[in-house]
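Two complexes come next, and they have one chain in common, subunit A, joined by subunit B in the first and subunit C in the second.
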Partner chain A sequence: MSEIMAIASGTWKNILRMKVVYFLVFCVWVLVGIASMYEVLTIGYHKPLMIDVALVLNTIAAVLVVLSVTFEIPRELRQGVAATLLTKSLGRTQYLAGKMVGICIAGFVICVLIAAGAFLIYSQTFSERIAGTMLQAQILLILSIIPMSSIAVFFATLFPDVVAPVLTILVIWFAFSTGALSNIPVLYGGILPNLDFFNFKSHAVYLEPIPGSYILLVTAWGIAYAIFLLMFTSFFFKAKDIK
Partner chain B sequence: MKKDSIIRLLIMLVALAAASYLAVYLTPMQNEITAERKVLTKAPVAGLHKFLADVAWMRFVNYAGGLSTIDTTNVNKVSEMLRKIISYDPNFLESYQSGILSISNADPKLAVQILENACANEHLKTNVQIPFYAGFILSRKIVDQNNPDKVLSEPDYPAATRFFRMAIQRSNSPEPYIVSNYIRAKAKARGGDESTAVLSVLYDEWKMGKGKKGEIVEAEFCQIPDVEARLIKATRDAKYPTDENGKLVAPSANALKLIAQVQKEVFADNHLCTNCISQTNPGDKFCARCGVAVPVWGVCTCGAVLKDGGTFCSVCGKKQ
Partner chain C sequence: MEEFVIQTEDLTKDYSNWFRKTPNPALKDLTISIPKGCIFGFLGPNGAGKTTTIKILMGLIRPTGGTASVLGKPYDDVEIKNRIGFLPDSPAFTPTLSAQEFLDVCGRLLKIPGNERKQRVAEVLEIVRMAPCAKSKLGTFSRGMLQRIGIAQAILNRPDLLILDEPLLGLDPYGRQEFKEIILGQKHDFRASVFFSSHILSDVEEICDSISILNKGRLLCAGPISKLLAGGGMGLTVEIHNCDEAVRELMASADNVRKTGASDWEISFAQKTPELTTKLDALAAHYGTPVKIRHANDDLETFFFKKIEEDNATKS
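Our next item is the complex of A and B:
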């Protein structure tokens, strides 16, 4: 466990040390704040727009954080950093788990920052308290980082850093678009990821509550799916020739 | 196979089974929480439906705002934009309230069709305006603005009645304009003289409210507020109908028969003048409005007029 956390802390510290991350967080806050200026263009629909923009931008931020691992793992493999790490007592599965946990923590921190700022902007702009559903929708979005990071680790392990981010984005895109195909739940959400489980943007806008039991179950699904994909990846990674 | 690989394989299979089990359980749960998922566009938009609806809405506002009018020459593009918004977010109330109404003069059939779908929307089930708009469009004759000879839609009063009724049933205290439109549309659907038809509609509604269903179909009625006050006005209008120029004309035999029935059943205890259907006051021997003799009420045996709400006569002290 300590080995996993050592890799994880290296990963999330690497991301959170970058100043550009905070600049991007600031940009997101600015964009969320700008939504309040759309009162005329939306005929008074700017309040729901701000809630939605905050959720969409936070999703994009989560995807960008997750994508960073698709550059990091291939780079470490190419530069021999991974080989050096793996000559120690560290197992390959632990290395992958550490990367996944690290990226999840970094994602959580950044998304929580964005969500907190967006809530502050919303409450200050409209002099309103934050509705529980808005918070629930943001929590679900943040939790979606868990399965997303396992997808990123999977592609980062198998493909070079030119292909891995593209494939990761494509799979995340389609995993969020499975609404139409979720009639085959074993396939979508079992073998293939169904990130649409975490998508409650409309609910947040219309302030319709999300049952707590659903959030718990979907968290359990995210963790179970991430473990499955991580173990699946480890079989390939074990067979991979690392120099 | 090494022990380590077997353990990893086992963990993987257990996690897969758990994820599959949870997915099977979560899918119907999610569909129940978000009923609108069934009608969302099938396009792979990565769950950004709401955001795309917002963007499409802004594009619509921008486009429609630049038009001097929405008519048959541009309605297709405007309705396509609105359909896109609704396909991304069927709960987008603004698109119905401002958007669909804007195309009602150019494509009333499409406007009604979209509003009818919105009436069935679970999220909008308490909205009063949507069924009202549908009823409003259906109760008008709409002609092409560019070619007044071309009729785009004839009034469909039975359908309009259905939507107005829905609007009334969705509200705890329906707005008077919705009730008036409902009564008028229902009366027009019955045909014949309008004032008599209005009286007939209100009389049936009153009977329904009093539990005197008779041959009335219950599903075709709703609780109209102030039905007796409306009946008084309708009876007066039916008794003294006017022509298009506002000139008094004689009521039909059917109207008089209905008025007599209403006066007997509804106004028996209302102290109304039988001639002009005006309220009479305690002690009145003649109607203050038309001068016709009216039954005296609210008078003690000593001849004094009883004070409102008094238990005893204020002149002779007799208990009433």
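Our next item is the complex of A and C:
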């Protein structure tokens, strides 16, 4: 476990030291704040707009953070950083798990920052307390980083850094679009990822509560899916020559 | 306790795959045994298979055939890596981490406990003379500085075996001298065995006990340096007690003459010729045991080129 956390600490420190991350967070806060100016255009629905914008932009930020690993892992493999680490008493599965945990931690920190800023802007703009459903929706969004990071690690390990980010975005887009594929139930929630499980923007906007048991179940699914995909990735990674 | 730190038998690596049908052998039937406590130089021209061998031993690539064991365990055993220190050629590290942070990550991977780890990181930074740069980001380091950090992470766990791929690359003359002192220190203080590849043959000759030479994936020779280089030289030295007309005639054609005692002489010849051999045979027959002939040793560079050229001529 300490080996996984050692790799994870290197990964999240690497991401959180990128100045562009804080620029991204600032831009999201600005865009959330701008939603308050659309009172006339939205005929008084600027409050739901702000809630929705905050969730959408936080999702995009989460995807961008997750995408960073699709560049980092191929770069580490190409430049020999991975070779230096894998010649310690570190299994290849532990290396991938460490990368995944590191991305999750970095993603959690960034998304919590964004959510906190959005809540502050919301409460200052409308002089209201944050509703529980808004908080639940943000928590679910942040938890979606777990399966997303496993998807990114999968493509980053097996594909070059030109192709891996594209494939990752396509799969994540597909995974959020599973409502449109409801005729193929066997595909999602099992083999293919179904990130719609984490998508409760409408509940947040219309203040419909999300059961706590659902949040726990979907978290368990996300973790189980991530572990399954990690094992699958590791099977191929163990056979790969690291030149 | 293992007698050999590294053993390979018919180790083979072919980089051909279903895209590339024609065989691309990087290593062919390599069989070597490196004894414990040895500083072993692994030599060969570019593309000989040195890095391939080292990466197989470190479990980074899988051989196509044969077996390899390190410290008595199979090459892909993960736990044995706690006893090995490895330096890749052209080491690269996470650029946004500081030297101290990166070594701390390495220490955690090597299961060095917390308090000891902090102390040990400071110690190795001192050894490689990088303590002033401990908190600087690795992305700002020069080639030589990265090489020093690479050596630091390799010796962090006081390994039983050091495997180093081109460790002298990027180091200035002072750095090379410090590196040699570190290697000799590891051997004498911690009884570490060292296995390293290098193109700087003068340094290899200076510190290695044994060497092997690879060419085009094949092992050409292996063994103690003194044995491999003995008697292969072009010249010879004659030690003689007494000096008569025959000896004076010999001295006249010598490259160097040195008086070593009241009636003792050392006469050196840079080149051994048939005429000289005839004269020396006659001298030895006349004087008997007072005449001693020592054949000069090759230096490592001459021996290396000879071996490679012989092999290339045989195979072409």
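The criterion applied here is as follows: the second predicted complex is superposed on the first by the 238 of 243 C-alpha atoms of A that agree within 3 Å, B and C clash if a C-alpha of one lies under 4 Å from a C-alpha of the other, contacts with A are read in each partner's own complex, and residues count from 1 in each chain.
Following the convention adopted for this analysis, a residue touches a chain if its C-beta (ideal position, glycine included) is under 8 Å from a C-beta of that chain, and two chains touch if they have at least 3 such contacts.
Predicted, not measured: the structure shown is a model, and the values here were computed from it.
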| item | value |
| --- | --- |
| Touching partner for A:Tyr214 - first (subunit B), second (subunit C), both, neither | first |
| Touched partner set for A:Ala224, first subunit B, second subunit C, both or neither | first |
| Touching partner for A:Ser202 - first (subunit B), second (subunit C), both, neither | first |
| Superposed model, subunit A: greater residue contact from subunit B or subunit C | B |
| Which of subunit B and subunit C A:Glu3 touches, first, second, both or neither | second |
| Which of subunit B and subunit C A:Gln79 touches, first, second, both or neither | second |
| First, second, both or neither for A:Lys19, with subunit B first and subunit C second | neither |
| Overlapping contact positions on subunit A, where the subunit C interface meets the subunit B interface | 91 |
| Subunit B - residues contacting subunit A, complex | 4-5, 8-9, 11-12, 15-16, 18-20, 22-27, 29-30, 33-34, 36-37, 40, 42-51, 54, 57-58, 61-62, 89, 91, 94, 98, 123 |
| Residues on subunit A engaged by subunit C in the complex (per definition of touch) | 2-3, 5-7, 9-10, 13-14, 17-18, 76, 79-81, 83-91, 239, 241-243 |
| Complex interface listing, subunit C residues touching subunit A | 55, 58-62, 78-82, 84, 86, 88, 90-94, 96-97, 101-102, 105-106, 108-111, 150, 153 |
| List of subunit A residues in touch with subunit B within their complex | 38, 41-45, 48-49, 52-53, 56, 59, 91, 93, 172-174, 176-177, 179-180, 182-183, 185-186, 188-191, 194-197, 199-203, 205-206, 208, 210-211, 214, 217-218, 220-221, 224-225, 227-228, 231-232, 234-235, 238 |
